[in-house]
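There are two complexes below, and they share chain A, which is joined by chain B in the first and by chain C in the second.
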Partner chain A sequence: MNPLLKSIFSTSFLFSVLRVATPIIFPALGVAISSLSGSTNIALEGIMLVSAFTGVIVSAFTQNLWLSLIAGISAGVLIALILGYFSLKLKADIILAAIALNLFASGITVFLLYIFAHDKGVSSSLKSLVFPTIKLGLLSKIPILGGILDNQNILVYIAFLSVIIYYVIVFHTPLGLKIRAVGLNPDAASSVGINVVRIKLYALILSGVFGALGGLYLSMGYVSWFGRDMTAGRGFIAIAASSIGGNMPLGTFLGSLLFGIVYALANFLAPINIPSEIIQVIPYIVTVLVLTIYSARSVKEKEVGEE
Partner chain B sequence: MAIAISLRDIVKVYPNGVVANKKVNLDIEEKTIHAIVGENGAGKSTLMKIIFGVEMPQEGEIYVKGKKVTFKTPMEAIKSGIGMVHQHLMLAEDLTVVENLTLGIEPRKFKIFLDKKEMNNLAKKYIEKYKIEVPLEKKIKELPIGLKQRVEILKALLRNADILILDEPTAVLTPQETEVLFKSLKELKEQGKTIIFISHKLKEVKEIADKVTIMRDGKVIATDDASNLSEHDIARLMVGREVSFERIEESRHIGNVALKVENLSYFNREKIQVLKNINFEVREGEIVGIAGVEGNGQTELVEILTGLREASSGAVYVLGQNIVNKSVREIREMGVSHIPEDRMKNGVADKAKVKENLISDRYYKNNFSKMGILNYEYIDGASNELVKRFNILAPSIEAPVNALSGGNIQKVVVARELSSNPKVIIASQPVRGIDVGSEELVHNFIKDARDSGCAVLLVSADLDEILKLSTRILVIYNGEIVKSFDKVEGLTGVDLGPYMLGLKRGE
Partner chain C sequence: MEKFILKYFNLIRTIIAILIGFIISVSLIFLVSKDSIAALGYLFLGPFGSISRIGNIVELATPIIFCGIAIAIPFQAQQFNVGAEGTFFISAAFGTAFALIIQGLNLPGFIYILVVLTFAGLMGAFWGFIPGYLKAKYRANMVVLTLMLNYIAYFISIYLINYHFRDKAAGYLTSYRLPETLFLKQFIPNTRIHIGFLIAIASVFIAYYFLYHTTLGYEIRMVGFNFHFAKYSGINVFKVIVLSSLIGGIFAGIGGMAEVMGIHRRFLWQSLPGYGWDGVVVAIIGHNNPILIMFAAFFLAYLRIGGQVLNLLSDVPYELISVIEAIIILLITAEAFLENVKYRITVREAEKEAFKNESSS
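Right, the complex of A and B next:
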């Protein structure tokens, strides 16, 4: 067997898929829940960046993981709240507000990085923490599955758990029902006394929490430092992943996994003799392709629906 | 009898200065069906919005069951036992029926989870109590409009509404669905509910209402027992003058064939045959009416004739020229005009100006634009002339078309379509949802077009309209022309009914 193919069909490849899919699963859930409420949050990029940064700084100065977790989530939720304030309260266009926040996040993190770490690129001069990995012990002996799951970061497991939590919130709580109702027909929702703005804000807050977890994983699990613009478009790829999945839990998860596979593939292809620029561009090309196929299909479905 | 709602000297002035209600007094008796009729802009919708807490009046008092109230939001009205079924239904299409029914009042498990079983039980309780059947597990978007409306009524009942306001509930229903609705409303009345029913359709008002209030120009003109008023009386009071229900005069001159449909068939994407081998022709100077219950292929037929949809087989000739594979613009330039069934979807761009809508089919032509630049001087002149000629009530030609009432929006469409020197007019539900006054105007415009030699194809679900205007009538059922009546004089709905329902067919 070709050694390249062999490495792709190995457990270490699948291990890597989960590892790289995690920072897409989180923001994808964030995009999904906000989309369900009818105000799509495209500021996940900025939310992840700010949380990733906050987590690293707080852990470096407190050496406490719990505090870092809380601070990281709070920072993400704060960005979501600002987005909510602009779009829901001041009625600014949510897309423009989100773009502004993404740019702001990129700038402020570099600025503060320089203040705290005296470096405009990476935080490696700071002694920041990482979230623990889970050792499966005896369970790691299970063929294939053991190899894929053993030694994964705890946030990878939490990403799986989040998909289930997302499912429960959306389909089994009054909040989820209201979020869906508000997204589908805000007039109908408000006609039965639902406060549309409040429900949309709750959805944005939840999307901030999901995004924050994604950001924390990036800087405190995936790697152990913060780097400028380290999200590298994952917050946008998450939009693609959730829209492939129709904002549904399983679909969004599978969509994220698809991009995880593409990323992992790009990593595995790196050693062979192709210019690395081409390999690095693969995930983005796939994003465009998938979105094209996806929208062509949904246009067709729409036409059928109109018959 | 006890009074459910009493309005005293209600005055409502909108911020733009329109006085919608001028000292309105109205008493709605408990356990009656009370119809409120009036032309568009007569102030009845505003009055309902005031009762339901959507709008607040500047002056006047509202009493619900003898208690004075001031509603600032619909929620307060709902809490006082008032429910409203809006014309544009307030349902989330992608949620199931039971989710829509219980939205906002969901039973919970452990405080934070939905109790799906209890949600079902709650809905079932009300379904049984009021005998209003709805499929609980289906999504709203899978239901026909009549069922959606039933969900809306049930939704109000679930919130303990005693007084139900229905805003033109029959405008979107087929005759069969209307019948079912009326049965439900009567049942609700039996069970002690009070129903306020807004309508344009006088026949229905006579059929269902105990009491009728007629509004005109923001005022209540009369309130009386329905049995004391004839349809003619109501129409006269509504419009303020005599309205004709007579058949229009017969065509004087019938000329050559202008529109010819030959062996036309159409299969939709699901491979269902929607149109089956349709053949007919329309001559200059005649109106051919297509009667049928909606959804029997009329929409598809009209869209094929106007180039919006491609036929599967067969041919359509306009003045002898086949229009198959021609673009909409080419077909229009051959002299075909189209008054579409849904004016907001296909008739106008709702946020665009009146004048922009009036020229949307001719903006590229000489005079309207020169070398690709719009000539506004000419456009304004032409638009003002159309507004005058077609009696369009608009603040100005610069106003967005959605600021107009339904009747006047329809007049904008009719003005554009009839002023392009058409040879063939395809008119689909031309007076749907508009008031009696505008209806008469639109019908007159169509008659004038006929008399000037146009061939008119009139597609309508409203039998009275078909019987009033048509020179000949074709009945469509299940995608087939099942009967043709060459003489319309003396025909009634009873003659057409069995063919429309597929019980009978012609030779």
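Right, the complex of A and C next:
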């Protein structure tokens, strides 16, 4: 077998696909749930950053994982609440408010990093914790699957779990039904007594929780420190992943996995002189195509050009 | 007084938002700095400390003005096109490649410059046309489309420069140097203010005239003001959406190439420089009006340079500036912010009018 193909189909490649896809799966679910409620949340970038930072700082000062988890999630939800307050209550456009919050997150995390760690790049001077990895023991002997799943961070498993939780919330709870109703037609939803603003806020809060988990994984699992702008566009990539998946649980998961494969591939191909830019650009082109095709399907029912 | 407030309500609201941003930043400085008074001095007066720093403000404002206009034109039509970032980048990359390819023709300086800037403008138009068309024809989500196109522009540009026009002698990843005939002259001593700045100022007035004194400009604003009204009064909405994106792209494209020709003289970016996002910021602060955008760009550049001086000379980090910017944008975009004040003044004015009319009759 061709050595290149061999390395691609190795367990270590698939292991790294999951590792790389996890910080996309979480925010992609966050984008998906807010999109279902009818608002595009492009603030996941900022939400992840703030949670990643809060997790590191709280774990460094308390040495307690549970507290850092709670603090990280609260911080992400806080950003989501601010977004909700400005867009739903103060009638700011949610896109512009989200752009402002991304800017805010990028600035305030570096500002506070400098205050706490006297460094503007990374937090490595702080003794922060990481979430544990899962050792499968005997199960790791299962061919292929054992190699892919053994020693993964617990948050990788929680990412899988989150896809299922997302499915259950959206399709098997009254809240999920209301979220979909509001997203489909807010006027109709309101006419049957659904509080549209409240449901949209709930969707944003859930979006914040998913995003926060993604941020926590980045700084307390994927690596063991916080770095400035360490999200590196994952919050935007998440929008692409959920668009590819049409905001559905399995689709969003597969969309995120596609990005995971591409990034892992770019790393694996680097030594053999295939320009990584060519591989890395593919999922974005796929996103544009998928987005266009999806929208084209509904274009007959709705007016052209209306937001 | 009340009439004055009502007339200039948007402007006053913007100024109040900026003041609140300042108050929060000053509080932050007092909170973290050991010598907060000196820090305040660096932040607010530092940018005027020397000719070269004043020059820095103008240099930085130049690309931001171009991108602000590029964002404002589609924003005027309520099209959330945030593609200026990618358009600026890819036009500069292809413009640089094009300039190097036709170098052998030995065109006279002025014509060479004109040809290359035109090419960059066309490249920008093309990159703006893509999301405009996909949105107008297929109703694809403009924000997501343009975010993705920014990444696509980035990867294509980096591939083009690093694999085909890379100057291997330079010791770092960059394109070949542009021929000297193509340099936009830096015309003020001790600064890097270049002809591109004058082109930016001209663009401000061209864009203003276009938006407020031409039929297409009127149609763009009408579509943004009331989509349905525009549609039923016979405006070709499809055309407006495509053209607003395309024309915005032209400004971003010329801006990108002017930055290369005026400041760097080669394509040396390895990551997106962020001027497109700055463009969004100034478009919001300037309420999508090109002339106000120009002032907003100077204001933003002033803040940034102040932040740099602050960072250099005090113990307060530069990132304070992003926090100020974010607070200002949040308050300006929040339509309901101070709306109750406006409402109360309007009611009081109306009551006064009614009372006056009654007593006079």
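In the analysis below, the second predicted complex is superposed on the first by the 267 of 307 C-alpha atoms of A that agree within 3 Å, B and C clash if a C-alpha of one lies under 4 Å from a C-alpha of the other, contacts with A are read in each partner's own complex, and residues count from 1 in each chain.
Just so it is clear, a residue touches a chain if its C-beta (ideal position, glycine included) is under 8 Å from a C-beta of that chain, and two chains touch if they have at least 3 such contacts.
Given the structure is predicted, the values throughout are model-derived calculations rather than measurements.
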item	value
Which of chain B and chain C A:193 touches, first, second, both or neither	first
Contact breadth on chain A, by residue count: chain C or chain B	C
Chain B versus chain C as contact partner of A:154, first or second or both or neither	neither
First (chain B), second (chain C), both or neither touched by A:177	first
Partner chain(s) touched by A:223 [first = chain B, second = chain C, both, neither]	neither
Touched partner set for A:185, first chain B, second chain C, both or neither	first
Chain B and chain C footprints on chain A, overlapping residues	303-304, 307
Complex contacts: residues of chain C adjacent to chain A	28, 32, 78-80, 82, 134-145, 147-149, 151-152, 155-156, 158-159, 162-163, 223, 227, 231, 237-238, 240-241, 277, 280-281, 284, 317, 319-323, 325-327, 329-330, 333-337
In the complex with chain B, residue positions of chain A that touch it	168, 171-178, 180-181, 184-185, 187-189, 191-194, 303-304, 307
Residue numbers on chain B that touch chain A, as the complex places them	74-75, 78, 84, 86, 88-95, 99-100, 103-106, 108, 112-114, 116, 155, 159, 268-270
Complex interface listing, chain A residues touching chain C	40, 42, 86, 89-93, 95-97, 99-101, 103-104, 106-108, 110-111, 114-115, 120, 233, 236, 239-240, 243, 275, 277-278, 280-281, 284-285, 287-288, 291-296, 298-299, 302-307
